[in-house]
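Presented sequentially are two complexes of chain A, the first with chain B as partner and the second with chain C.
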Partner chain A sequence: MTGPAVTNGHAVEVPFVVAGRRVDGRPPAIRHVENPWATITIPEFSEHMADELTTNAEIAALPTQEIIAFLNRLGCLWRTDEYPRRRRYVRQLQEVRGISEPAARSEADWISLILRGHTRIWDQLDVELGSRFMLDDWIRREETEVRAFPRGLSVHLLAGNVPSAAAVSLVRALVTKNTVVLKAAARDLLTPAALALSMLDCDPLHPVARSVSAVYWDRSDEAGRALVERADAVCVWGTLDAVEWVRRNAGPEAEIVPFGPRRSVAVVGAGICTGTELEHVALALAHDVFLHDQHACFSAQEVFVEAPAEPLLQELGRAFGRYSELLPRSRDTIDDAAVVSLMRRTAEFLGAEVDTAADGGWTIVRGLAPGSQHPHGRCLYVHEVTSLDEVSAHLDAYVQTVGVAPWDLCLAHRDDWASRGVSRITELGLMNLFRPGATHDGYYPLSRLVRLSSTELPSAVHGKGVVAPINQTERLEHGTLVELVMS
Partner chain B sequence: MSAFVAEVTARVHQLDEVAPVDRIIFGRANPFAIAKRDEMALTSALVADYVRWHRDHNVGFGRFVGRFEPADGDDLVASVPVFPIDLFKQLDLASVPNAEVVRRFRSSGTSGTVSVVPRDDVTLARFAGSMRVGLRLLEPWLSTDELDINVEVVSLTASPQEAGDIWFSYAMALGRAFASSEFLVQGGVFLAEAAADAIARHLANGALVGVVGPPALLMDLLTWMGANGRRVRGRDRIVVLTGGGWKRRIGEAVEPDELRREAARVLGLDSLEQVRDCFSQVELNSVFVECAQHRKHVPPWVHALARSPATLAPVAPGTMGLLAYIDTSARSYPCCIISDDFGAIDPEPCPCGATGTTLRITRRVARSTGSEGCALKIQHALQGPEEVDG
Partner chain C sequence: MSKMRYGTFVTTGQPPGMSEGWAFDEAVAHAHAAENLGYRDVWVLEHHFTPFGLCGDALTLAAYLLGATSTIDVGTAVTVVPLDHPIRLAERVAMIDHLSGGRLLFGIGRGDFPREFEALGRDVSESHLMIREGWEALKGLWAGPYSNDGRFWPFGQVNTLPKPLSIPYPKAYAAASSPSSVEWAARNGLPLLLLYYLEDEVKRSIVDLHADVTRECGGDPSLTEHALSCVAHVADTTEQAQEDVLARYLWWIKAGGDAIYELPDRPERREINYGFHYARRDEAILRGARDIDVYNVERLFALNPIGSVDLCVDRIVSKAELLGVNHIICGFEGVSERSGVIESMARFMSEVVPAVEQRQLVGGEVSVT
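Then we have the complex of A and B:
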């Protein structure tokens, strides 16, 4: 991965941002990260840099509304191509990652939406913490007043499979007033840096901007490991190995917020029968398969279709064709191409029906479950079932999202599916949309990014079920402690 | 002739009719001296017979082959469908009755998803034969006619008994079929000092010493010998054969030429030609041994081709693709496989003079989670935990 700069492909320099300060690579303290299309030159992460990454008290003292307002301003910048950094980001996603222009624009749009969604952020705080004022004030909860405080230094180990997920992790940590270190993944060095740099564009002296860092270190880097060890919270996105590494290396009091590997499936009931409905469902399914080239945890990898599956399958070919134009596939590495080709050939050996786009851009496999590892690359496994009751046997805690059509299937099956470990059930076509109140991998992430303190009412307040002041000494003397609460 | 080879030969001769592939593997003629044109005709004939036989004896493979009808003008050998080796993790691909399977060999790995390959006597005998044929490429440093006379093998692997059904260990321990062997990985621990002692002892006794093992353990041995003042003067009396690759210790891998130079320095070899690498995998039934030019030669009973990662169609020699093999020595299972390895078929004949296809293996296909290989089992006890994303 590291080595001298190559002469072919794009040469891109990506700076770090360290505690709100841009750090450009200066030889010899640089490293080159190569992929099939580009060589990215970044600064070398150092112990000295790591030392600068400490909790910033400024953001902890900032009213939530100021943080959200800043994020909103930032999101507005990201809204259009008027913003040069967005233009550069969209171009570099294509050059460096091989992402198609429409898909790159879609990533930038999502970043804008995530940053700009102030009302939704307030709602999210309200739902996940119990009150949107929780980080700014003491909130009455029964006989206490409770207030949420940031954990402190939050380190985000990103996976890079979905570029805009960096924005999700960033916003969650900032609105809970944490200092943020975005540790980029080798396959996406662009997004964390672009986000942090855009904050400097917005206002380099703003406490939020000064609380954000975007860096990269190699997996064996001791300074990076030591930083994780002293972090107050670690959000880790990616493989089980990555999650286990964090569990081994994080401090004993650190809150680990894992987003480990998940898969998602779609379910289509027999109630879909008219041509228009079929077309709509097929397009919705195509969206959930094609977005992020199926690399997201919420991407549909399999669809269970209540028999007969044939009408939907006929419509799917057209829908996949349509989405091939809307979101053209990223350029494949030879490894990506090989994994998909080998999967197709395996399916053929096992007797499955395999339908492939003329250009190899998508694959539909019928009559076979994916092996231990789904190949991604827009491959959909179709299972025809006689009853949707059969679906639950295929669900477990590794299933993040189930997308359904028609919607009333949700009401009929959600108890069963959720009890098997499914985190979310959505309408088909909306599997990527986390609405306020949605769980993420089985929990509310904001609640894990704060610690709660409570102040409790004095003895003069009797409390529920108590009809006299609380005097424990007197009750111990009289042996009446058990009567503290009236029957 | 060792008892093992005699037994193998006897088994093959028990067959009603000696198959053409056996005439090549076990015949007296040098398979690497067949003229190119004859070799192509021979391989084509062997492959056609081979595919037909497995189609008729293996229902799953027969159904698979039936899905692919070659178009007019297609190269019949190149159009034989190959299947991914992953299928050995999912299916029992035996083409012979269970009673004929003498052993099911496994690739190593800790994930629980390992390849399982059923082998009968004939298939195992042919594998041993392929090793013997491959060793011809080591001449004049090693004469295959004298293998069992004065050769001592110092094996940097576990004994076959300790290794169980792990194919790599079985293959690397095959030296025992031809020569006296000592196994220096015991209880998962590599005994470097004992290996150095054995080399010195055999040299003192005037034996020709074969040092056989994975490159990482060879490097461990060389490092230990260098650090402990145990360098030897092997001159032309040591031949080193590595196999299995660096696997999990890939971070420590050195260039092949560097390994050869270090081996020559510590073992006091006359020539870098005395250090060779070889390739096999559990799903393949032959060994590709390096010649003096350090090219891996494919024997004529194996058809090797690089295929496009995107379409699996054959690519031109010299072009990198997924390496695919049809190994007609595998009777107990259909060895019409496409591997997980990127590589290329060399476009030019090998200057060493041996005929036949030579190939380069570049690297494994990168998947989102790592897979572990054969050398892992031995090395597991010798290293720290695997690196992870973090």
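Then we have the complex of A and C:
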């Protein structure tokens, strides 16, 4: 067990936000959600609430620039620790989720970065939709003009493993002008509410603020299921079970945008073996292991090291020690600690080398088979390979990110790895940074959150390769349809 | 919810064309009117070098008003602790507490206007540290012989006299909106004077943060009695009410803004302690406001009980419910004539207050916020 001792269970009340309106829990319409550190009291999600969650035409009519400007204002609030809501959020992440203070601050920093990254959001629209103007105007595409429209009501079933992922889902849906219902995960009831409430801090009457809701229901709740059934788009983060539940319950026309279970790996080539470069690679790997305690799908769980692995292993201990200071680990639950402990014992029994921090805060295991069950909690499985060609056999469509060092490994292997199903390849140390243009689990999410309409040119325009006016009736009558296109 | 307590502000603002004497005459007249109308407290402001408020020493004016009235409490909103010596403050507060029979409410803050610090040779970037040291010294001096080895007011052991009549000291409040100051206030058991220009959800997050820290310190947040400041005006219609106060508010906001933003191109401008001033201005620009003063007056209209009786009732009830406060302090000096101010105060007390009580009694729905 690491981190401050758990002294007592906190009692915390978290409100819902329904269509931009704060809703506090009032007995008896309340629900208690317990975790190892706190009992969280929230309102009971009701059919009446669900009825209020309908598509808001205001945001659909808003110019994209106004949405992005509002998000930027919001992100500027979150930038400073002297913003009261951020301060309380950081405190509560520690109290309610056991996250260390630096890690909690890091989450708040990421929320700020995600919200205020306006130039990157424009780039993302440009790349993923083909034009950053696509949601505001008809854009010429060959012989048609195309415009993107929001799907309408988007419901986001969050996983809660990475708190700031709620901001990612929120921004994606808002910049595509969708109405947003953030359905919190039981393990993170704080982030969706904090995001929605901070919009009310900023401007409670703004159409964006009025288009966002933050609620919770559990899977047995009929009101929640019915809401998913009438949603126009459902983003689902988390387990395969969650994705399958959405597929069963979403409406036939709904766009399902799944971010299901993925794992990520690191690959280090033999070219790096000495000096500052080795230190840099070890720190980069430590970053990708330590951020979010490996609960993120982009966290490296295992590293393939081109032989010899010893120089990197020696450097890794120091790097992990450094990152233990930079991002102290979340408080363990007894169950978490037991799973890690069992993994260590099992690995030792199987003859693997196990290196553990003095306080148990991290573990490096060398000698387990690739793909062995992984317990999270900053455990890195090291696999020494004689050739990086061996790595391919362990990659499939469930691998989200491969982080590489040195970078030229990417050029040498990306065709092979990507054809096996890998979604992203990044430099080691940057696995969490989704650059504009990056794919997420194999696709562009913004493109899934819009529908496209086209207006096509009239008959007066022949079109490329057509040699005569398009009069289909006449051509059918004369049997000359086949001549319509130039040979 | 316990019965609501109402107070009022007197600003000692000196609008163009009015004399300095007029500003003080109005303040005294409004304080008398408040007492006669059943308000429980009247609060005085403290500023320097600005017609925004001519009162440069809130305790002096509070002492005068306490002497001129007989039942109403008088509060300082606020005494700027960094700008005074704690020994002098401790003595004056304790003396006024005695002279008034315990009717002094001691509101403190770390100061709002950077120029005051510059003129008085204080470093505005350290105001948050000064108020902490100053408050520790005040508590120590009121409790017994005390010496201070702090950075700002080091002194050997002294025993200030008199000790306060109120035990352990007059009821104190902190005007705080930054999280660091809110946490400090909570650790010291100081309820907040909640600021009238913040969005309601921001105020709520401040109250929640205060409650978290109070609980951490072993206290019971439900016993904390914050006071909510508002600007208020009652008229037959909301449009009429806004029209009544528009000119005075524009002047008052501009005068305040001039005092706050008087440090262009100076490093202090972006001091983290005062970032919230500039955040408000930046926000106005980002919202597309062409005139920050007009923008700020519009924000006052949107957030405060300025309007018809129904609107005022809705706003008071919704704010009291959201923030859990039962103490509202309203500034009525939005119209130029004394009679207009007092009429608005009277109408608030005779029409808004009973309706609020009735609404709270039956737990009615709030339709307008």
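By our rule, the second predicted complex is superposed on the first by the 475 of 487 C-alpha atoms of A that agree within 3 Å, B and C clash if a C-alpha of one lies under 4 Å from a C-alpha of the other, contacts with A are read in each partner's own complex, and residues count from 1 in each chain.
Following the convention adopted for this analysis, a contact is a pair of C-beta atoms (placed from the backbone, for glycine too) under 8 Å apart; a residue touches a chain by one contact, two chains touch by 3 or more.
This one's a predicted model, so the numbers in the text were calculated from it and none came from an experiment.
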Superposed partners chain B and chain C on chain A - clash or fit: fit
First, second, both or neither for A:L71, with chain B first and chain C second: neither
Partner chain in contact with A:R91 - chain B first, chain C second, else both or neither: second
Greater residue coverage of chain A in the superposed arrangement, chain B or chain C: B
Which of chain B and chain C A:V168 touches, first, second, both or neither: neither
Partner chain(s) touched by A:T80 [first = chain B, second = chain C, both, neither]: second
Degrees between the directions from chain A toward chain B and toward chain C, using C-alpha centres, nearest 10: 110
Which superposed partner A:T239 touches (first chain B, second chain C, both, neither): first
First (chain B), second (chain C), both or neither touched by A:L197: second
Touching partner for A:G351 - first (chain B), second (chain C), both, neither: first
Per-pair minimum CA distance [chain C against chain B, superposed on A] in Å: 28
Common ground on chain A, meaning residues reached by chain C in one complex and by chain B in the other: none
Interfacial residue positions of chain C with respect to chain A in the complex: 177-180, 182-183, 199-202, 204-206, 208-209, 212, 272, 275-276, 279, 282-283, 286-287, 302, 322
For the chain A and chain B complex, residues of the former touching the latter: 157, 159, 185, 219-220, 224-225, 228, 238-239, 241-242, 244-246, 249, 332-335, 337-339, 341-342, 345-346, 348-351, 360, 371-373, 376
Chain A residues within the chain C interface of the complex: 22, 69, 72-73, 76-77, 80-88, 91-92, 197, 200-205
Complex interface listing, chain B residues touching chain A: 60, 63-64, 67, 81-84, 86-87, 90-91, 113, 308-312, 320, 322, 338, 340, 342, 365-369, 386-390
